[in-house]
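Here chain A shows up in two complexes: once beside chain B, once beside chain C.
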Partner chain A sequence: MPSRTKTVLIWIVTFFIMLIICMPGLWIILSAFRTNGEILTKPAIWIPQNLTLDNFRAIFGFGENVVGIPVASYFRNSLVISITSTALALLIGMTGGYAFARYSFPGKKPAFLWLMLSRTVPGIALSLPIFIIWSRLGIIDTKFGVILVFTAINVPFTVWLTEGFFRQVPNDLNEAAQIDGCTRWQAFWKIEFPLAKSGIASAGIFAFLTSWNEYALASQLTRSTDSKTLPVGLMDFTAQFTIDWAGMCAMAVIIIIPALILTFLVQKHLIAGLTFGGVKG
Partner chain B sequence: MATVTLKDVVKRYGAVEVVHGINLDIAHNEFVVLVGPSGCGKSTTLRMIAGLEEISDGDILIGDQVVNQLPPRKRNISMVFQNYALYPHMTVSENLGFSLKIASRSKEEIEAAVQDAADILGLDELLERTPAELSGGQRQRVAMGRAIVRHPDVFLFDEPLSNLDAKLRTQMRVEIKKLHAKVKTTIVYVTHDQVEAMTLADRIVIMKDGHIVQIGTPLEVFERPVDTFVAGFIGSPPMNLIDGTIKNDTVVFSDGRSVPVPPDFSGKVVDGRRVVFGFRADVLMPKGHTLAESGVLHDLDLTIDLAEPLGSESILLSSFGGKDIQARMHNPRPVKGGEVLSCELHLEKCHLFDAETGQSLRG
Partner chain C sequence: MTRLRRTIRENAVPFALISPAVLIILMVVLLPLIFSFYTSFSNYRLIRPDSLWDWVGLRNYKRIMGDWDFWVAFGRTVLFLTVALNLELLFGLGLALLVNKITWGQRTMRTIMMFPMMFSPILVGFQFKYLFNDTIGLVNNGLQSLGLTHEAIPFLVDRWLAFFSIAFAEIWMSTSIFAILILAGLFALPKDPIEAARVDGCSNWQVFKHITLPFLMPFIYIAMAIRSLDVARAFDIVDVMTGGGPAGRTELLWTLISRTAYDDARMGRANAMSYVAILLSIFFTWFFFNKLMEARKHLGAF
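Here is the complex of A and B:
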């Protein structure tokens, strides 16, 4: 059966492409459970000989060879910074998106365009000016300083995504709600917000992941356990002459896990969000 | 008493004026239909009454209260939207009860009111469904149900039937009329369909380009249109309108044929005046196929181009006075194209309009 062979062929090709795409991720997860020696062996050992949890023990400060890296502090910093900046970005972005979707005001189109264009500037290009201003303000190496930057990074995308969702909610609904006795505000919370929920959830996920994974700017703006985030902390594993690959991979897994959990929790919304909210007419 | 009064109401969008100072008095429990071609300002007027659109000038009163500045929720009105605007994330019963919930009524009260509305509109079976699981006609009914649960002072409808197919539209039209008989309320209804306007309205308000052209009962606007616009807009088929000139108490048309000046207009026109002669298909009928009518009749021979049989009558297409016209044949017999029929024109029901302004010359 030619069509059967074709199907099988497609499956094999798909599998290999998938393997290539997933390889780095798999390698990180595998390496997190191997010893540094095994990771560095040449030629490479693909199938791990003996798996171990030592790397994780070392990170969390028990076991034989303790790594002197305050992972718990970094984790807390990451959490505080990501959650706060996401919440702020959602609040600002959602109200902005709603305004762009519902109201007409002078300069609306250029404003929206500029908001989107701001995304084209690579964040790192702004790092020097931000660094200078932040240090003058004395908010270098504070969570507040990082939160401010991350919020600014996330707002344009949140505005863009939620604007699309609010625009898909017919304006008639909010008018019907007002006639049914709602104030403008009630109409928003009871009708438009629930209907744009999946868009807002996806915007939230994107904002959170951006903040959670951001490295370039955070590495400039943070110094100590006061504000260093997990991705920045990852670099603590590189000493002058050695790199603790195993420890680094174990920590990378720790970084990935919360993001994965969150994504799974809201994936229903995420898919709805990407397939129907992102498309704009 | 829920009267609605519009006093010199103006609506501007920026520099563009779309409603030019309209005046309208709507009585308690009256069913008023705003009708007119697309873009004439019907929806805008309705939305100003609802409070969804600010008025640029003038006053709107509901009862004795000036409501210019009141938000929609304080006007005690309900509105049925063209695309129904049901809340998609709520069930039918939640949709119906939403306004009462917002007003923090008790659970029992809401349930009773929802049940009431469901009974009136036959929605009992649908209460637990969401709007996505309803047909167009059912959605329409839910939208009306949502409007009636609060017992508003005024109902506003914006082309509620235009998304339904022809058969359902006729059916829902009857239901709306029944609804008005059941829940006596002032209704303002917008449509561009003159049949809907004629069948539903106590009074019709005909609008054009942001002006009110004529206000009257369906019969008044049908029988005494104030200008050629109303004459052409109301009634189906539209009134035949033919350009002509007055000469010795007759109207002479471009093809040389003529008819006497209708009795209502004699003495009101002088020789040489250019006019538009108007008559409906119903008043021009082949001899032997008329409804028994007496009065001033004028005999005409018509060459029939085409006959459209409708069963109990036929519409005859012909040309007269240089225009394509339509006549009506009761108890029809087959008519061939090119056949010449001797017809009579019921002169008392004919109209004369000024050729320039289009205004009726009835005076």
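Here is the complex of A and C:
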């Protein structure tokens, strides 16, 4: 095959793949700015007649046709829960990751393995006993209860990522600093932490996204506006008689925006973290 | 006892550092799992709290072993995972090789490729529920406007079409993990052996089969390992798209657990099912981590 035709062929295939990847998301975004009436019209209207911000106003409780779903509260819950559980998971995971990267101690390998295995438990399976226990403890349907669970599910992966990043920082630097009179603690804060900082940041963003997107556990552990997160709240729409597709699309856009921004920030480190953590052993 | 105490004293620092991580996993994962293991031997129903002490031995397990619906859901789950994981790997590999070939606009392409990773599973489910809807969905509307069909295709109602739709959503979401990690492998691919092979007269296919693919294997297994950690997130997709219905046609193990536990309030039996689901997840993870460890040893040769 002449190389010219080959290049053209590659471009056509690439275009179609990119279309499949982008189309669903773009269609949701477009629908979020259309009216529900227009979405429901048969035969389909392909070119939007009038684009509007009403769906966003409606789900946040402004404008004429207010949706009975407290998206603003869900948004606030999601933020509080995700940020707190990320901070905790980062703190706990980082200390753990550092220990695994820098010290050798009896039981290190099995401890690491068990930590990772805990992540494989399906959310829905884990939700059953937690639902019962949290109910008895009285922390069901509270932000605290959800934060506790999200912190725990984020710890294993945070340990894994930070361990990889700390291991990339040569141990010599830390030893040299200690010879020069630093304590181990100072050596950590002044040498190792700054060097691993970007990696730790991406571990944090990864944890945030996991909490932000979690559904299986949150859907069982939250019941009211006090603690429901955005993904759980999205299902509120399906309980209504006629599904407000436009409203759902608007809410989907609200959920995706923070994730979009954060993933762009972290993409380079994320790939590096995943591959180094895994391959270089 | 004194030996244990000495071990703790000698390793006080690392033990102290890992203890918060171990403690929270113990509290939020291990203890609940022990509790649910106990309840799987009881006749526990949510509506009757005292039934927690109603020990029934292996009855829950015997029941689910003889439960046809359970085995159908189990079989469907295994089929679903096998189809989805294999296709994700295949498409991911293809996509990575394709993007690797492109020189102009490759960075943009890589960013676009990561797009599905940003979506939470619940959003992926919703988006395809919307797209595949039989009255207002983009796919049906498109086919009708083009005149390819006059009847609406019941993507989320028909048994196999619904299975296809769910698998499509799952594959759409997870292919990029494979593509990105394999692409990272392609970037790290050493050029010398390939050039040497070409000089020796190897064809493109031979180079791919004997040099590129073996080098990529660890990256493929990392992707598999990462992916296998949360195979159960398909629950989110199915829950929003079909809820396991209609009439249990898309029921996976995880939606069946959810229905048994929360709708039928049979916690004991649901917990017994959970243990089957947990074993399934552990099997997938164990399998791919083993492969990863083997591949790591081979990579040492490069």
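Definition applied: the second predicted complex is superposed on the first by the 254 of 281 C-alpha atoms of A that agree within 3 Å, B and C clash if a C-alpha of one lies under 4 Å from a C-alpha of the other, contacts with A are read in each partner's own complex, and residues count from 1 in each chain.
Simple rule for what comes next: a contact is a pair of C-beta atoms (placed from the backbone, for glycine too) under 8 Å apart; a residue touches a chain by one contact, two chains touch by 3 or more.
All figures in this text were calculated on a predicted structure; none of them were measured in a lab.
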| item | value |
| --- | --- |
| Chain C versus chain B on the shared chain A, clash or fit after superposition | fit |
| C-alpha centroid angle, chain C to chain B via chain A, nearest 10° | 90 |
| Which of chain B and chain C A:Ile39 touches, first, second, both or neither | second |
| First (chain B), second (chain C), both or neither touched by A:Thr183 | first |
| Chain B versus chain C as contact partner of A:Trp27, first or second or both or neither | second |
| Chain touching more of chain A, residue-wise (chain B, chain C) | C |
| First, second, both or neither for A:Phe105, with chain B first and chain C second | second |
| Which of chain B and chain C A:Ile17 touches, first, second, both or neither | second |
| Partner chain(s) touched by A:Val149 [first = chain B, second = chain C, both, neither] | second |
| Partner chain in contact with A:Ala72 - chain B first, chain C second, else both or neither | neither |
| Smallest distance from any CA atom of chain C to any CA atom of chain B, in Å, after fitting | 11 |
| Chain B-facing residues of chain A, complex | 170, 172-173, 175-183, 186, 190-191, 194-195 |
| Chain A residues within the chain C interface of the complex | 10-11, 13-14, 17-18, 20-25, 27-28, 31, 39-40, 42-44, 46, 91-93, 95-96, 98-100, 102-103, 105-106, 108, 111, 114-126, 128-133, 148-149, 151-153, 155-156, 159, 209, 212-216, 219-220, 231, 234-235, 238, 245, 248-249, 252, 255-256, 259-260, 263-264, 267, 271-272, 274-275, 278-279, 281 |
| Residue numbers on chain C that touch chain A, as the complex places them | 7, 11, 13-15, 17-18, 20-22, 24-25, 27-33, 35-36, 39, 46, 95, 98-99, 101-102, 109-123, 126-128, 130-131, 135-136, 138, 141, 144-145, 172, 176, 180-181, 184-185, 188, 218-219, 222, 225-226, 228-233, 235-236, 239-240, 254, 257-258, 261-262, 267, 270-271, 274-275, 277-278, 281-282, 284-285, 289, 292, 296, 299 |
| For the chain B and chain A complex, residues of the former touching the latter | 50-52, 71-73, 77-79, 81, 83, 85, 87-89, 98-99, 102-103, 146, 150 |
